[in-house]
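The two complexes that follow have subunit A in common; it is paired with subunit B in the first and with subunit C in the second.
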Partner chain A sequence: MQAFLDIFDIYLLEAVINGILLGGVLALLALGLNLIFGVIDVTWICYAELVMIGMYAMYFMVQYYGLSYFIAAPFTILLVALLGALLHYLVIAPLLTAPPINQLLATGGVLFVLQSFATVAFGIDFRNLGIRLPVLAFGDMNFSYARLLSFLAALVGMVAVYLFMTRTFTGTAIRAISQDRQIMALMGVDTKRMYIITSALGGGLAGLAACLLVLQYDVHPFVGLSFGPITFLICVLGGLGNFIGGFIAAFVFAEIISLGGLFSDLEWGYVLAFAFFIVMMFIRPAGLLARRR
Partner chain B sequence: MTGQGRLAAWAVGLAALVALPFVYRDPYHLHILVLILIWSFAYTSWSMMGRFGLVSLGHGGFMGIGAYVTALLWNHLGLSPWIGIPVSMVAAGALALVVGYPCFRFRITGHYFVLVTLALSGIVLQVITATRDYTGGSLGYTPNRATTNKLLALQFDDKTTWYLIALAVWLAGIVVWHLIDRSMSRYALEAISEDEDAAAAAGVDVTAEKLKITLISALMTALAGAIYCQYQMFITPDTVSGIAVSLQMVFAAIVGGLFVSLGPTVGAIITILLAETLRIGFGTKAVGWDNLVYGVLLVLFIIFLPKGILGSVLDRLKSQRKVSRTHEQEAVKIAR
Partner chain C sequence: MLELRSVDAGYGSFQALFDVNLDVKAGEAVGVIGPNGAGKTTLMRVISGLIRPSRGSIRMEGVDVVATPAHRIVSLGIAHVPENRRLFPQLSVDDNLKMGAFMKEARGTYAKRLDFVFELFPRLKERRHQMAGTMSGGEQQMCAIGRALMSNPKLLLLDEPSAGLAPVVVQQVFELVKRIRASGLTVLIVEQNVQQVLHVVDRAYLIEAGTIRSSGTAAEMLASDTVKEAYLGV
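So, the complex of A and B:
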């Protein structure tokens, strides 16, 4: 018992809570990706790069044009939503009938394009907003205010999407398409329009994530690679297209990374998370919440 | 082309390739050729799996293991690369089996397979970065220079030797490709990529066939990594492992042509020449431009030319020949 108490110290509690806060943003990212996968049946490998572009947009609007953070945020969300719709229109739509692997690889090409576009246009310097939010001290534990804010904003974003999906006609149509692609077209739903709306919605969620991440992390062209892979793994672990599974998986992953980082380097937290993912794939191939067939 | 004519063309082409460094000695151009040959070999290894619909993003991991295990054994244990390279290949092969077996056994295919292998290359990259006390982390790693026996250390100063080594390795890759192309495994794997259940019902051992091709592909990729390390004498986690390297393999193989033996080679020639031209043309300003062009090309190719450059050209030639043949037959019919 004493040994247990020794491990369960204040730093552990801090790491656990930080993990939960990190999980909020990851869950938001996973939600956007899951939405697109569930409805259009496409994996956007370049999803994290859309977030990166959004982070740059925030940086330029706030640093160069002196807009306030809260005015810049809606513009960023709109911009990335537009990018999402454009991505669908230009790249995914011509490939809708192609093998799924081709769609995945095409978005891999978009990943290269966005990354190197940022390198060419903005250089490889690390940039940040220069907004330093206070640190919240709670007893002996320290939490960054930015993380708390992102967590809350992510929750609000997710609830808004939930309401949109369940309370509006468009949302209902989107959910119906994810259940049966062919039939919905016969029911008089314009699937093409729904795909564009879904893509824009997914992009908008990436934009919201960008507004939140830019508070905590420096932006550089390769920032997508630091949280992109983890987002995919979360979605797969939760079951691609399964919103609730993705939500739970995000917190599982965030805790593994946070706790792994507590006991050792942050990289080992990631290694642990990746290894956990591979093992889970073998135990539950269709995701955490999938029913055994 | 008849079988004999084709063989003769290969023989002449090969003789020209072997003779090249003795006639033409420009070190820079030879360097580019060596790079093209090594990467062609790596891309060919990837395409062995890719052509059967097994799209892996884990090959960056295998390549990283090949490079780092060889270099670490040499620096820390003084083990010659002649032993180190087989050891690194065995390590990569073992990893491929450990991840591959459950993947194929539990029917993880399509998106899921891509993302599991993506996690694999993520793990290798993070482990290399995390063990920075041994591997130098993201700053890179250099094998110690051999002072006495260069052959034992597999370190050569002249480009001609490296060119011949790279040529031999590349050729071995092409030969393996053709051996698989002619084997029963090819038909089994093609059947599997069409429909796993139907293939299994027809008596194909799906798991065993997939494991076999994955193992061969991983071993070759590790060899490519080791040779690259020995040639460049400097490796960083980002140049030999990770997701970017995996995507680079996918890209080159698709641009060149996945389904023909020289496709990945054509892909390597195009990508490396493009990168070098941009680098020389724009200097340090070119940072990022090559990937920008790659990315646009990749998207365009997947949409408009999914068989790649060489694949499409060969297809065109073949269909023309077929067309002319049908004309002959029709002509005969009319004459009758």
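So, the complex of A and C:
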């Protein structure tokens, strides 16, 4: 095993693997956003802020009420799923037939409401869960246990969504809606109900992401800004509404960030990723895998 | 089974149907013929709830269809095969058929209905994992009819099943309609292919400019001068 590892530049391999681990969580975030866009044809600008609320929920349940992490996590997922459904019911549903710009402005408004709410309610302190997970040594390489756990949980979450979408009647209907909205009633499908279910599912994914991100990052009212924009770039790069495209784009971005971080600073990794995005928008404006019609 | 009384319907300020009265009895096959833009498709859409009448009543086995939410109408036993088939092109044949059995009442008999549809259309079984959008027009029409049959309907609405198909395939589609009838289903079919449809149905209505102009048995319609001159080209 050691001989095998010696062939590679150990730091390069470490960076590649860390990129894959980061990609898992980014893919999870992108899946939630893509789901909402693909099915309801609406962009939740405030998606990362739902994650932020979920992170606060984890923080308070674990730090304040002393719940164990694994008990708090399902509650957080449920809470954010409920928030997603509420967001649809209160904000999106009345605007379904409105011009897209109005929908964007409305969810953008929710972004500021959530940020301001968090600032007023929780203050601008950086808070963390206080859980310190060990670092896993593998040969000369070090991997954070938190990242590994996040990656696996994100993978499990995505597989669960995949099975739901392909095996169940409801999941099949959700995939069908984006292909022909008008005739769904002929199938006996109540589109409004499907939108609520989809929104709750998108929220649930944001909740799961919150449970994972809270292991690695401190919570503060503006934490959404550190992964919200990149989630949007991933979705656009993959082709908005295209699940497979988003999945691939998440790993492409994660590797650029991780490898960029290896050759210079982590910040440069982000700069490279954004530069790559701009170039790609000229080459493939509809995304890596343009949404098939 | 189905009865329409003084139905007016349209899109916004455009009225497409005027005072339509129409009956379909259990076990019958009824045709609706007429030129393009006469309101044939609107008639189908108003029965299945895709649009709502501005006046009049629609009853299915005594149940008020107008008061039933659109997505519950299929549960009354009305399955609509829409114009241009309207399959989900990026879903497999299997998934398209699954959508036909979406409603709670049909899920229990899903496996049984699937066998029935595959028996009727062995071709669909061969192509069950193929994307519906990549199949030929005739196969897509089979899939659309199969999808409608998945809900175990009592009344099948067929909107221009022969549109856009090659003549040989059109022939097959009409054969199919005969077989579906033979299985005991009641059929209401809209067609431009007047000659052929009148050989499949028991009775027919002639609709022009949103109004029922005449009606009668298939033989009467074939013999009628208006139908002959305008649609049969004799």
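In this section, the second predicted complex is superposed on the first by the 281 of 293 C-alpha atoms of A that agree within 3 Å, B and C clash if a C-alpha of one lies under 4 Å from a C-alpha of the other, contacts with A are read in each partner's own complex, and residues count from 1 in each chain.
The rule is short, and it goes like this: a residue touches a chain if its C-beta (ideal position, glycine included) is under 8 Å from a C-beta of that chain, and two chains touch if they have at least 3 such contacts.
If you're wondering where the values come from, they're calculated on a predicted model, not measured in any experiment.
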Room on subunit A for both subunit B and subunit C (clash or fit): fit
Subunit B versus subunit C as contact partner of A:Asp218, first or second or both or neither: neither
Contacts of A:Pro229 with subunit B and subunit C, given as first, second, both or neither: first
Partner touching more residues of subunit A, whether subunit B or subunit C: B
Per-pair minimum CA distance [subunit C against subunit B, superposed on A] in Å: 22
Residues of subunit C defined as touching subunit A within the complex: 48-50, 69-75, 79-80, 82, 86, 88-91, 95, 98-103, 106-107, 147, 151
Of subunit B, residues touching subunit A in the complex: 53, 55, 99, 102-103, 106-108, 110-112, 114-116, 118-120, 122-123, 126-127, 129-130, 243-244, 247, 250-251, 254, 287-292, 294-299, 302-303, 306
Touch list for subunit A against partner subunit B, complex: 43, 91, 94-95, 98-102, 104-106, 108-120, 124, 221, 225, 229, 232-233, 236, 240, 265, 267-268, 270-271, 274-275, 277-278, 281-282, 285
Contact footprint of subunit C on subunit A as seen in their complex: 169, 172-173, 175-176, 179-180, 182-191, 292
